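Chain nomenclature is as follows: A, B, C and D, assigned in order of appearance, with residue numbering initiated at 1 for each chain independently.
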Amino acid sequence: MSVDTLSSGRTRRGFRDLPVPLVVIALAAFIYVTAALATGQANQISLTGLSGLLQRTVALGLVGLGQTFAILVGSIDLSVAALISTVAVLASYLMQGDAGMIVPAILACLVLALVVGVINGGLVACWGINPLIATLSTGLILQGALAAGFTYLGGRVAPEFQALAYQAPFGVPLPVLLLAVLAIVAWFVLAKTRFGAHLYAVGGNPDGAKLAGLRVERFVLAAHVIASLGACVAGLYLAARLQSGTPWIGRDGVYDLESIAIVVIGGTALSGGKGGVLGTLAGVLLFASLDASFNMFGVDAFLKQVLRGAIVIAAVAVYAVRNKGHVA
Amino acid sequence: MTAVLEMRGIGKAFNAVAALDAVDFDCRAGEVHVICGENGAGKSTLMKVLGGSYRPDAGEVLLDGKSVRFLHPREARAAGISIVHQELSLLPFRTVAENIFTGMEPTRWGLLDRPRMQDRARALLQRLGSAIRPDALVADLSIAEQQLVEIAKAMLVDAKVLVMDEPTAALDDRDARSLLDLVLRMKAEGVAIIYISHRMPEVMAIADRVTVLKDGRRVWTRDRADVTVNAIVTAMVGRELQDFYPARSPTAPGSPVLEVRGGGNAQLRDIDFVARAGEIVGVAGLEDSRKSVLAQALFGDAPFTAGQVRIDGQPARLRSPREAAAVGIGYLPGDRKREGIAPRQSVRDNALLTLQAMAPVLSSPQGGARSRPEVDQSLNDMDVRAGDFGQEIATLSGGNQQKAIIARWLMQEPRVFVFVEPTRGIDVAAKAAIYETMRALANSGRAIVMVSSDLPEIIGVSDRILVMHQGRIAGELPAGAEEGAVMRLALGVAAATVAGEMAS
Amino acid sequence: MHVKSILAATLAVAFSTTAYAQEFNDPAEFKKQRELLSTKAEGPEGKPWEQHLGGAMVDTAKFKKDGKHTICFSNAGVFNPWRVVGLNNMKGEAALQKDRIQELVILDAEGKDDKQISDIQSLLDGGKCDVLIVSPTTTAALTPAVEAACEKLPVIVFDRGVNTKCPVTYIHPVGGYGFGITSAEFIASKLPKGSNVLAIRIVPGVDVLETRYSAAKSIFDEAGINVIGSEFTGSDRAKTKSVVEDYINRGQKIDAIWMDAGDTATAALEAFEDAGLPYPVISGEDQQDFLRKWQKENLVAIAPSYPTYQWRTPIIAALDILDGKSVPGPEWNLPQPAITQETLASYIDERMPALHYSLCGCQDLPGYPEQWGAK
Amino acid sequence: MTAIPDTVRPSRRVSIRGLNFALLIFVVLYAMIAVLQPNYLEAGLFMNFLRRAAPLVILACGQLYVILSGGFDLSMGAVVTLVVLAASMLIGGDPAMTWPVIVALYAMGLAVGLANGAIVAFLKVPSIIATLGTMLLVNGLALAWSGGAPRGDLPDNFRNLGRLVLRDVPLVGTLPVAVIILVGATLLAGWGLHRTAYGKRLLAVGDNPRAAELAGVPVKPTRISAFVVSALAAVTAGILIGGFSGVSVNAGRGLELQAIAACVIGGAQLLGGRGSVAGALFGSLSLFALFTLLNLLGLPQALRDSLQGVILIAAVGASVLRHRRST
């Protein structure tokens, strides 16, 4: 791990030395407020407006939390989109509108996510298959199985379950609270537990971690399970919010690539070992405020795509450009 | 004194090639047992067996007389075997304390006990005589400091057996000395220490016993009193090694080939020196002297932003390695694996890489070398030993990789050769061969700049010695200068005095 | 591994067929739409977007509002040419009525249910809208959001519906069964019993498309025509052409091509050209490229439609509602004509782009034809 | 030196690995096709198979350059879409415009490739993110330009590049123009990678950029050039796809992942340093043979996706195992 220590610019302080998440959050807030003021929609800065903004972060935020773990250990998970669809469809199929089935359905989905996570982790950590290929493949398999079985798997979630997605105690939507709680849990795990410290160790230097006595494979596996669980919760949330799942909600939401993008925008290194959930939240907030601002400005759908592409690149470039080494 | 550790008849093969063959080895509490051997002799493999990274095919390991079988490094660690690895295994973006405790974090109610980590890390580092802050990021430390963190990591557990695999390879003389002091203190505390090194003075200074491995077999194990450097070297290479350092050229150096006037950049100041045809200019200095930055500046990797460089009297612009290569500078990087080889390419392509880099893009992959036999001839001239030059270079030993990289530059026929730590991690026999090559290059009318942390090498090989201190050239010494003189300059204590001596 | 996957496949197919039977084969709806196809439309002659097929009217006096109106539209997206043409129609209608419209606010959900729900929420929070038009991404998903909107505003839903009766009206053409009936009956009428038809479809599991297929399938079954394959090509021309080539290469005779959407019809025909075979009987849709090819090659063809003029209707309905005029509702059935050999020539316009939908009803709108991409 | 045991391993040839395996997969899959449908053994149908596989093969060859340099190019599919839409709009059915427009299309490809390369090389954005960004950007531009639906028309002389089949050709009987382009492009890619100093530089950059830099290789230009090659390959593939089946807004959807999968099946190592054009060729032919086989088997579409996933894991997993055995 030879690290270039020759940089003499360490004393120079600029905005680039600020933590990435803070800068991204500030940028998101700036974009949102500017858009609201510029289009004369100051009421979007009210509590309801903001809770609407936060609501937009939930699905992607939940996936992003899980994806953060996968990327932190130096892996990546492209199967999340397919898993989201599968979970959403499975949940609505199992519930069939029956409140009594809420808990069994949730449990079944969690078990499914566990299995997918273990398979992903196993392929990556134990078999040594490149994570992009491994998770792309499991995603394809899931998506195929889902599309094949979907018409057989019709159904809808229980109304009580659906209500969860629409409740807003104290004006804060319940799903936003859920995201907040899970984010705190994730932060806690990463920052305060041995398990979290070991994840960083495995991602930062797998050989070193192994020599330090860590069972690297287990941590990669665990990270993949967490990534799958994140997708699972996102799928359940979407099922609740949308009443029933379709085999395309994951793919149409582009949750695979977007979750990777927000994690990286939040300052987590694709090579692993650096970053955290705060950055991911900042990233998803940036995406949500962009969405909301595009709406306020009435940006054309295709132009939106162009801008989003440019912003993804710019947001990462701002921090990446000072890297000394080569990046591929 | 009984052996804490005993390894009996250890055998290990890769693809039916024996890496270890019935090796016996033991180590007692409170002794330093040095293992010597050429690269590929099986030292690291033996330690990986001990550390639980490899499972032996044959033989057994006894710890305190009981047979143990490690399936994972964690089991070896738990059994009291600590290893300071040759490769740094640190996490750059985590703090020193987090790194030291990797895998052994203390907890309180199931949570990380950070205050305790900080305190124990500080205590450990103090014991090592270091003032590194436990909450500093590893990325902000120097290589030497990182090495100390690595040692602190190994010392975290109360080790019965401490293995140090070339711990001084990345250190300069001063840091190396304090490390050796530490080893002696640990020994006094009753730890069984296994020490692997290529540096003979070091070996002679701290060893209680010495074991020599060759081709996966043990040659002998002897007490310190019964060994000489010559005996070790002979056992390692299997023949007498007469003169380690090649004879200096009898003729006086020729005209200046490389001239630097007032060179400087963010880290270097007032660099003035000349390297003449036929001479080897050694550049010495401590780890923080930025001597390697000077090498990078000469090769355009950390370009000079001030001053002037002339090659054969012609002003040269060195803003990138490519430009440097184009004006006739060759460069042998210090970190072979990270900066030298393209591991998955063939030996031949690695040797051809600079020719390929400088040739027109769409020219043949021979890169201007007239034929494949010619390339192979250059490799054979350098005595690169490979079954087939079409095989991936990663499969070769370090010495052979180094020689292939020298061959790469030889085909480019540079005027100036910059060698950075040319023999780091290379065994004795290969070292001698590389010194011979350097001398031969100089004798063919080239100027050689050799940057090295290995003081005996600097003194033994250089025709002149530049000593750097804090980004400046603190002074110049003639061939065969005293170690003490070099160290004084390097420490910056006697710069004025020495300069005065030089003037008179 | 192959044995296993084939087994799995067989199982899945078995499941799927039974499931289709359950989900998208509603005999009552099939019958209803069959009747609607032959129902005489009420409303202004020559303006099918203002017509309706039977049904009741709803009183909207309570929504009456003076002045210029802000119309808000939550669009599922513009992810295919049909929706692009449709959106142009809507914008054209709004331009036509610009004296009465303050602003037409359009939020695009990019095909994401979750985003559309948020979009509707933010339209309500913005407080500018006088009326809300929704073209839902999926029926079930948007129901709660639409229900919430109904409490604040008059809501109009079109294209796909929602599972609630709260919108003032739900505008749609006859529907998927109708599409399938028109096309399959034509093919069945042109071919003898025992002929082979290949079904080319977009994606599985989408209600408006599945009903088209289920209607066609039952008509083919009745007529004794073999459906030799049902292939999904995702609107990808290359894939369509490849799939048809594969079927040709199998040596099976293909007498007809049935399509659940016509955007790759010409690609399917090209496969026959490249193989040097005569054109099959084909059902496409009202896209220009298909109509031109039909005319040029003298095909035996029909172009049923899911007319894009339905995108004009919501604006008309919105203004009527805000005027307090009663509108057809709670369902507004628009006529769903098909283009036949007789009417073909009148729908061809050489200026228009290949995937322009001829039943756009947009010829009288401002900006026609440039806004619709004409040369 | 931890990764490398201090032992001499049996010598291992550098270039051939990967090729044999992909060729084997292809032969097996094609044999299965032939069993189901013996007329696929006729020259005509084989040529037709190649014609349809041509775009994927060319994409894979381009993608290979980027993979060998250590990156990914996710923007290829978007470039294909852009090319198809732009060709149709710019040519507008006028045969005289075909060749000038093709030049313009390559200029667009060049621009996208340079942008991708510059973002990676100078802004240091990891290529997977950078090309994800350009994918969105290029796709958005193409759709915004066309208004979301295809406009204009492609004249026959453009279409012929992907569609025309020359008949009565000696030896092979029929010869699609696309196959000629396929052979040309593959030979060109193979020559560039295996027969030039450039190819060696590219491999060295992907293998160890720092070592390549210190050997005098211009790392940034080399890396940028890989993205340019990839974008130009995407333009070529786009022209063939547009020719084969005409204008469509989703002409390029998902092709980037197929191209990466093809390279991987062909033995290319993700993140650089190892791989061959022959591998990419047979990798993409294998993938395409798989698609065809699944079509012929008449499996439901959905399960074809699943099976593709299984095959991908199996192919890469097998290569991991082979590699592990030899170390």
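The definition used in the following text is that a contact is a pair of C-beta atoms (placed from the backbone, for glycine too) under 8 Å apart; a residue touches a chain by one contact, two chains touch by 3 or more.
Model, not experiment: these values are computed from the prediction.
Engineer: Starting from the defined contact criterion, work out which chains touch subunit A and subunit C both, please.
Structural biologist: D
Engineer: Which chain pair shares more contacting C-beta pairs: A-B, or A-D?
Structural biologist: Greater number of contacting C-beta pairs: A-D.
Engineer: Average the CA atoms of each chain to get its centre, and name the chain whose centre is farthest from that of subunit A.
Structural biologist: It is B whose centre lies farthest from that of subunit A.
Engineer: Centre to centre, by mean C-alpha position, how many angstrom separate subunit B and subunit C?
Structural biologist: 72
Engineer: Starting from the mean Cα coordinates of subunit A and subunit B, work out the distance between those two points in Å.
Structural biologist: Roughly 43 Å, centre to centre.
Engineer: In whole angstrom, what separates the CA-based centres of subunit A and subunit D?
Structural biologist: 30
Engineer: Express in whole angstrom the distance between the two chain centres, defined as the mean CA positions of subunit C and subunit D.
Structural biologist: From the centre of subunit C to the centre of subunit D is 36 Å.
Engineer: Where in subunit C do residues touch at least two different other chains?
Structural biologist: 9, 12-13, 16, 78, 204
Engineer: Identify all positions of subunit D at which a residue touches two or more other chains, and write them in rising order.
Structural biologist: In subunit D, 2, 148, 210, 213, 300-303, 306-307, 310 touch at least two other chains.
Engineer: Residues of subunit B that contact two or more other chains, please.
Structural biologist: In subunit B, 85, 87, 338 touch at least two other chains.
Engineer: Treating touching as the only link between chains, describe the layout with one word: line, ring, star, complete or other.
Structural biologist: other
Engineer: By the touch definition up top, name every chain pair that qualifies.
Structural biologist: So, checking each combination of chains, I get A-B, A-C, A-D, B-D, C-D as the touching pairs.
Engineer: Could you pull out which subunit D residues touch subunit C in their complex?
Structural biologist: Per the touch definition, subunit D meets subunit C at residues 37, 39-40, 45, 48, 52, 55, 88, 92, 146-153, 163, 165, 241, 244-251, 253, 292, 295-303, 306-307, 310, 314.
Engineer: Quick check: in the complex, which residue numbers of subunit B touch subunit D?
Structural biologist: So the residues of subunit B in touch with subunit D come to 14-15, 17-19, 39-45, 85-87, 216, 299, 301, 320-322, 324-326, 331, 333, 337-346, 349, 352-365, 367, 386-388, 390-392, 394-398, 408, 412, 425.
Engineer: Mind pulling up the subunit B residues that touch subunit A in the complex?
Structural biologist: For this pair, the touching residues of subunit B are 51, 53, 72-74, 76-78, 83, 85, 87-94, 98, 101-105, 107, 110-112, 138-143, 146, 153, 266-267, 290, 293, 302, 335, 338.
Engineer: Going by the contact rule at the top, pick out the subunit A residues touching subunit B in the complex.
Structural biologist: 1-3, 5-6, 8-10, 191-194, 196-198, 200-201, 204-205, 207-215, 269, 273-274
Engineer: Which residues of subunit D touch subunit B in the complex?
Structural biologist: 1-2, 4-14, 192, 194-201, 203-204, 207-208, 210-218, 269, 273-274, 326
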